[in-house]
Amino acid sequence: MAAVLDQPASKPRQALGRKQWIGLAVLLVVACVLPFVLGNYRVFQLTLALAYAIAILGLNMLTGYNGQISLGHGAFFAIGAYAAAILMDKAGWPYWATIPVAGLVCFVAGFLFGLPALRLEGLYLALATFALGVAMPQILKYKAFEHWTGGAMGVVIVKPDAPEGVPLSQDQWLYFFTLFWVVVLFVAGWNLLRGRVGRALVAIRDQPTAAKAMGINTALYKSTTFGVSALYTGIAGALSAIAVQFASPDSFAIFLSITLLVGVVVGGLASISGAFYGALFIQFIPNIADQISKAAPWALYGVFLIGLMYLMPTGVAGLVRLLRHRWDTRRRSH
Amino acid sequence: MAVQDPSLPLLDVRGVTVRFGGITALDGVSFAIARGAITGLIGPNGAGKTTLFNCLSRLYVPTEGSILFEGTPLEQSPAHRIAALGIGRTFQNLALFRTMSVRDNVMVGGHCRTGSGFLANALRLPAVRREEHRLSDQAERLMALLDLQDVAQRPVSDLPFGTAKRVEFARALMSEPKLLLLDEPAGGLNHEEVDGLRQLLRRIQSELRLTILLVEHHMNLVMRVSDQVVALDFGRKIADGTPAEVQAHPDVVRAYLGAEA
Amino acid sequence: MDLLLHQVLSGLATGGIYASVALALVMIYQATHLVNFAQGELAMFATYLSWTLMQSGLPYWVAFALTVLIAFAAGVVIERVVVRPVENGSVLSVVIVFIGLLVIFNSLAGWIYSYTIKPFPSPFPSDLVAGGLLSGHELGSMLVTLGVLVLVFVFFRFTPLGLAMRAAAQNPVSSRLVGVRVGWMLALGWGLASAIGAVAGMMVAPIVFLEPNMMGGILLYAFAGALLGGIDSPGGAVLGGFLVGVLENLVGMVLGTELKLSVALVIIVAVLVVRPSGLFGQVHVARV
Amino acid sequence: MSTPLLQVKGLHAQYGPTRVLHGIDFEVREGGITTILGANGAGKTTTLRAVCAMVRTQGEVWLGGERIDGKATEAIVRAGVAHVPDGRGTFMNLTVDENLRLGAYTRKDKEQVGEDRERLLQWFPRLRERLKQQAGTLSGGEQQMLAVSRALMLRPRLLLLDEPSFGLAPRIVQELFEIFGEINKSQRTSMLLVEQNAALALKLADHAYLLETGRVVISGSAESIRNDESIRRSYLGY
Amino acid sequence: QSKGEIKLGQTMPYSGPASAYGTIGKVQQAYFKMVNDNGGINGRMVNLLSVDDGYSPPKAVEQVRKLVEQDEVLALFQTLGTPSNSAIHKYVNAKKVPHLFVATGATKWNDPKGFPWTFGFNLSYQTEGEIYARYILKEKPNAKIAILYQNDDYGKDVLAGVKRVLTGDKAKMIVAEQTYEVTDPTVDSQILSLKASGADTFINITTPKFAAQSIRKVADVGWKPLQFINNVGASVGSVLTPAGLDKSVGLITVQYYKDANDPQWKDDPAMLQWRGFMGKYYRDGNPADASNIYGVLAAELMVQVLKQCGNDISRENIKKQAESIKNFKSGLLLPGIAMNTSPSDHAPVDQAQLSKFDGKQWQLFGSVLGGQG
C-alpha cells in the first residue's frame, strides 16, 4: 500500500521567488489582523485550526514524504495534550513551558514506536498505528495512571491570560501564541524538507533499496521521521489542549487519527501548504455539514469528502499547484 | 585500519556462495579486481551477476565466503555504509526515485558525501547551506557530463529508458565512488549509443580514476572496453582473463556466446 | 480449567465473527490491493436490508439469498460509480473515499433505522451444543464461515477468474495485455466482497444485535485478524480471526479487561514484527 | 501481395499534453514480420502501445479488416494481439507458472494450451526450473524470457515485440530469433518488431520502417534497407 | 402577539460513538415546536439550537462557545455527556450562562458552591449505585457480587455509588469486576468470567446494546444470580425485548420515569399524550426508545422553569427559577416522584423506585427512595 503512494512529482526545491515572499508576507499580515476583526469564538476556532495544521504537517512528513502510513497519530496528539495538561495542572508549570516538553516527550514516543514499525510496511504498518490510536484512550483511562491522567474524567486546565500590559483577550493571545509556533514549525519543516534530509525522506518512500544503496540509513531516518512527526503532532495536541482547557480520553478517540489523515490527503500529500487547507477542512466542514442536516450530518460530511477527492485527487494543494502552473504557462505564452 | 598497498586488489571476492532456498545463485565465486581497471562480468541469464552486485552493496548477505574491499571485509559494514566506503552502483532494472526530478535524483547520490542531520537541516545552519551548494555544483557538473541538463527539472518517471539509465549513472557518480558497479548500462541502446557509452566509460575511468565492474550482454562493448573479463555460469566462475582469452574459452562459447559469437 | 475452556470456546465464537469479516477484507484485498474500511458498514447496511425484507414477510432464507444478491450488485455499482473515478489517484485518496463511504453508510443507517438495537433472527436452532458451551447459532455461523472460506480459497487458487482477479490487482497494465477485463475484475471483487460481508453481517447480527455501529469494533478485530493471518491468505485470515477472538478472551481472563484490547493489539503487532507478512501471508521479495 | 493483417493510417499518439507520434502509416502483412527501427526516444515503444490502445491516439488502426482503434486494450488482445511490453510487465508476486497461465487467459482450447506451454518450456528450460518460483525473484533475462513466453501463450495472430532481446545473453538472443522465425512459419503468426539490434531485426523481418521523432522517414523491404549502405550509416549507425 | 423568542442551546452527539442519544435533542426540538404551536411560553417562542459535538469534548467547547458568543443563547439545556460537559463546565460558569439539566448522571453537576450555574438532571449514577448496594445489604447480606461496567465515567460513577455503601469488610462482598469498552463487539467473555467467580448477585452497569447482550448471555450460560440492571439499560422496548423477555424475568432496576413499552402504562393519560405528541411532531422517532421519554421529561422541566420566569427572561432569573423548582410532578415521572431544587441543590431528580421485571412489565416495589445525595 505505501509502496505505491502516488504522489505528484515533487517540485524543484528551490528558494522562494520574490512573488512568493510577498505572498507569504501578506498572508502573515492577514493572519495577524484577523483576530482583531473576528469575534473571540472565531479566533478560538482559528487557533484550533492552526494547531491542526501543525499536526497535519507532522503527519504529512511521515505519510506524505516518507511513505509511512499512520492511522494512529491521534495518540501523539493525546500524549502532547496530556503532557501539557499534567505539567500545568499537577506540576504548576506555566503554559508556555509545556510546549517544548510536550514536543520532546512525543519525539521520544514516536521514535520508540518507529523502531518496531520499521519492520512493518503498508497495511501492516497501518494496523500497528491504528492499534496505537485505538489503544491510547484506554491507556489514558487505565487506573494505574489515573493519578496523573484523571482517568475517564480527564484534566481541566486554566486558560492562560495575556501577559500583563498586552491588551489582548485570552483567545487573541492564545491565537498569537499558537501562530508563533506555527511559524517556527513551518519554517523548520520547510527547511527540513527541501534539503538533504527531505530528499532522503522522499527517496526512502520512492525506492527504499536504492536509497539504502545511496548511503541513506533508512532505519534511522524512518524512525527519526516518526519521532519528528510525533513531535509536531504532540505540540499541536498541547496547543489545542490549552485552547480547549481540557484533555480527556474521549477527546482523542480513533476518529481524531482518521481526521488527521483526512486533513493530510485533502490538503495534499507531500505538500507543506496543504497542511493549512487540510486543517481548515477538518475544522470547518463538519460544522457546515451539521448546519445543513441534523438528520445525518456525517452522511453529508462523507459526500463532501468523496466529492473533494473527485475534484481534487491530489488534494487542494495539488489543485492550486496545477492552476498556478496553467496560469504561468498561459502568461508565458502571451 | 590496514595500510593500503596499492598493488593489492581493490576488490577481492573470496569463495562467495549465495543460496535462496534450494537455488544456488552463486557457488564459491572468487576473483580480484585491480585498482583502476575495467572488469567485465559476463554470463548467461540467471548466472548470478546481479546477485554478486547485490552482495557487493550488502543488499544480500553471502551464505559463505567473504568480500574484501581495500583489504577490509565488507560484512563489517551495514548496507548504508557501503556508498561511503566508495562503492557506487546502477541497477539493472532502474531503481530511480520516480517522483523526484532528475536533479534531485542525482543529488541524493551525494548523500553519503554529506553529513548534516535533522536538526541542522531544520535550522538551515550555514554549514548546511555550504554543503547544499557544493552538492548542487557537483550535480550540475555531472548532469552536464551525461547530457542531462535539458531534463534536469523533469520527473524521472517521464523519461525514456536510455535517459533514465544515464540518470542512474550520474547518481552513482555523485557518490564519488572508487569502485563503480554498472549493471547492463547498454541495455536498450542502439549501436551508436553503445559506442558513445564505451567512450564515456573510458573517459570517466581515466578522468575520475575509477575502477569499474561492468555487467553486460553487449559483447562488442565488453570486449572492447574491458581490461579483464570474468565469466559466470550457474553461479560458478568458468573463465577469468583478458577479453581475448575469455572470448575464446570453449565453456564460454558453449554456455554463453553460442555458435556464431 | 473449566473457565479456560469456556473462554477459549467463547473466543472461538466471537473469533468466528472476526473471521467472517476478515474473509471479506481478504477478498477485497486480493481484488484491489486495498483494505476497504467501509466493508463493515456495507455489511451492516446489507443486514438492515435483510431485516427489512424479513419484516415485510419474506422467509429467512429467501431474504438471505436476496440480500446476498443485492449486496453483490451494490458492491459492483459502488465500485463502478463511486470508486472508479479515484481509482487512478493515490492509494490514500482511495482510502479517504472509503472513509467517506463509511460515514455515509453509518449515518444513513442511523437516520433510516435509528440507533435502537434490533434483535435479528438466526436460521440455526437456539439449543446449546457442545455440552452447553456453544449456542446453535455460534456453531452454525462458524460452519458458514468455514464454508465461505472453502469457496474463496478454491476461487482464488483454482479458477482462472480468481487468478485474473489477483493479476488485475497487482498489475493492471499487464493484465490488460493478457486480455483481462481489469475494470470488471475490480467491480467483481467489490461485488464478491460485499456479498461475503453481507453473509458475515447476517451471521453477526444475531449475536451482537443489529444497530448502525455494530461493525465498528468488529472491523478492527477483523482487520487485525486478517493481517495476523496474512492479508493475501484466506485461510490465514480465518485462522487469524479465530486467534484474535481467543487471544482477546485469554488476555481478558489473565490480565483483566481494562487493557484487554490494548494488550491483545500489542501481542498481534509483536507477532507481525517477527513475521511482517502475517503467519500465513506470502513473503513478497522485491529485488533489484 | 497478400492483404495486410495490421494497417495503420495517420496514427498520432500523446502522453498528457506531449505529442510523440505525428501521423504515421505502416502495415504488417498477414504472416509477415515488420520491424520498426529508430533512435532512443523516436517513438517505437509508443507505436506499439498505440496499436493496443495503451496511450491516447488519433488515426486509424485496422486489424484484419476490422477497425480496432478506440477499442479497449483487453478487447484488442482478445482479437489476437499479444504484446511483449517494454519493461517486461512481469506479475512480480505471482509464480512463473501463474504468469504463463495468464498468458493463455483468453484462450478456450485448453488442450492446445497445454501443448504450447510444454513447447515453451522446452525452448526456455530455465523457466521450467523456476515454475513455482515467485516471478519477481527471477533475474532480468529470465523475466524477459517469461515475458516472451507469456505473449506466445496467447497464440496470437499478431505479436508485438518491444525489444525482445533486451537483457538476454547472446546465445539466447540467437535462439530467440530462430524461434520467432519458426513460429512465424509454422503458425503464420505476424509480427511487429522493435529492436535496437538493427542487423538482427532486418535479418528476421521482411519489411522495415525507420522512425525519427515520431515520423516515418524511410520504409521499404528489409532487404533493400539492409543493403543500402547510406541508410545504414546515417540511421542505423553500423 | 409574540413577545420575542427565548433562545436555548445544546450540544448533542448526532454523530460519533454516542449517536444513539442524538434522539434526545431531536425529540426536544420537536417538543418545543409543539410548545410554540400552542402559543409558546408566556407568549414567547422557544428556539432550541441543537448542534452536533460528535461526543468529542474539544468539539463541544467549540460549539458551546459558538452558541454562547455568536448565537447568544440565553441558556444551555441538556448538553449531553460527561466528557463534553466537563470540558465546558468552567467556561459556562465563568460566562455565567445557565447550564441547565445536563444530560448525564455524574454527581459533580450538583455543586452550587463551585459551579453555581450548572444544574444536573438525571438521577445521579452514584445514587443509583447506592440504591442497589443498600438493597443487597438488606435483602441478601451474604451476597457474592459480580459487577460488569462500562469503562468510562458513567460506569465508574455507578460503581463508585455501589462501593460507597459497601465499605469496610462489606467491600469483600464484591468478588468480581469486569469492564468493557463501547467498541467491544460482545461481552460474552466478561460474563463467563463473572459467572466463574461463583457470584450469586450481578450488578449490570451497561448501555442498551451490552445490557441486552449480557442479559441474554447470563441466561444462556445458565447463571442464575440476583440480577440488577441499571436504569440506562432497563428499557423494555430497546433492551429487554431484544434480549428476550423470558430471559429478563427477575431483573431489578431503579426507575424514576415511565417506560413507554411497559404495558402497565398503556392507558396512562400522560403516556397517551406523549404518544400523540410523538405521532404528530416526531414521526421519525422510535417510541420504543426510552430516550424519547427522557428527553420530553427534561423539556417539560425546562418549560416549567421558563414559565416560572414570567416576564423576566434574564440569565440571573433563569438560574434563580431553576433553583426554585418545587414539587414539579410530570405525568411521565413515576407516581410519587417529584422534582425539587433549591439554591443548595442543583439536582432535580433525587428520588427513584425499585422495580422488578415479571416477564411482561416492571413491577414497582418498595417505597420511593432517595440517595445520600
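Letters A, B, C, D and E mark the chains as written, and numbering starts fresh at 1 in each.
As a convention for this text, contacts are C-beta pairs under 8 Å (C-beta built on N, C-alpha and C of every residue); 3 or more make two chains touch, one makes a residue touch a chain.
As the structure is a computational prediction, the values presented were derived from the model and not from experiment.
Asks: Which neighbours do subunit B and subunit E have in common?
Replies: Intersection of subunit B and subunit E contact lists gives A, C.
Asks: What's the fewest number of moves from subunit B to subunit D, given that each move must go to a chain touching the current one?
Replies: Step count on the best path from subunit B to subunit D: 1.
Asks: Any idea which two chains share the most contacting C-beta pairs?
Replies: The chain pair sharing the largest number of C-beta contacts is A-C.
Asks: Relative to subunit B, which chain's C-alpha centre is the most remote?
Replies: Centroid comparison gives E as the farthest chain from subunit B.
Asks: How many angstrom lie between the CA centroids of subunit B and subunit C, rounded to a whole number?
Replies: 47
Asks: With centres defined as the mean C-alpha position, give me the subunit C-subunit E separation in Å.
Replies: 36
Asks: For subunit B, what residues touch not just one other chain but two or more?
Replies: 50, 59, 91-93, 95
Asks: What positions in subunit E touch 2 or more of the other chains?
Replies: 15, 17, 151, 181, 183, 284
Asks: By the touch rule stated above, which residues of subunit D touch at least two different other chains?
Replies: 137
Asks: For this entry, which pairs of chains touch?
Replies: Per the contact definition above, the touching pairs are A-B, A-C, A-E, B-C, B-D, C-D, C-E.
Asks: For subunit E, which residues count as touching subunit A in their complex?
Replies: Touching subunit A from subunit E are residues 14-17, 25-26, 50-52, 54-59, 61-63, 65-66, 68-70, 81-83, 86-87, 89-91, 151-153, 156, 181, 183, 284.
Asks: Quick one: which bits of subunit C touch subunit B in the complex? Just the residue numbers, please.
Replies: 287-288
Asks: Subunit C touches which residues of subunit E in the complex?
Replies: Its residues touching subunit C are 15, 17, 19-20, 22-23, 151, 178-181, 183-186, 188-190, 192-193, 196, 208-209, 212-213, 220-222, 237-239, 241-242, 284-286, 288-289.
Asks: So in the complex, the part of subunit C that touches subunit D is made up of which residues?
Replies: Spelled out, the residues of subunit C in touch with subunit D are 160, 163-164, 166-167, 170-171, 173-182, 282, 284-287.
Asks: Under the touch definition given earlier, write down the residues of subunit B that touch subunit D in their complex.
Replies: It comes out as residues 20, 23, 43-47, 49-51, 92-93, 158, 160-163, 184, 187-193, 195, 217, 219, 255-261.
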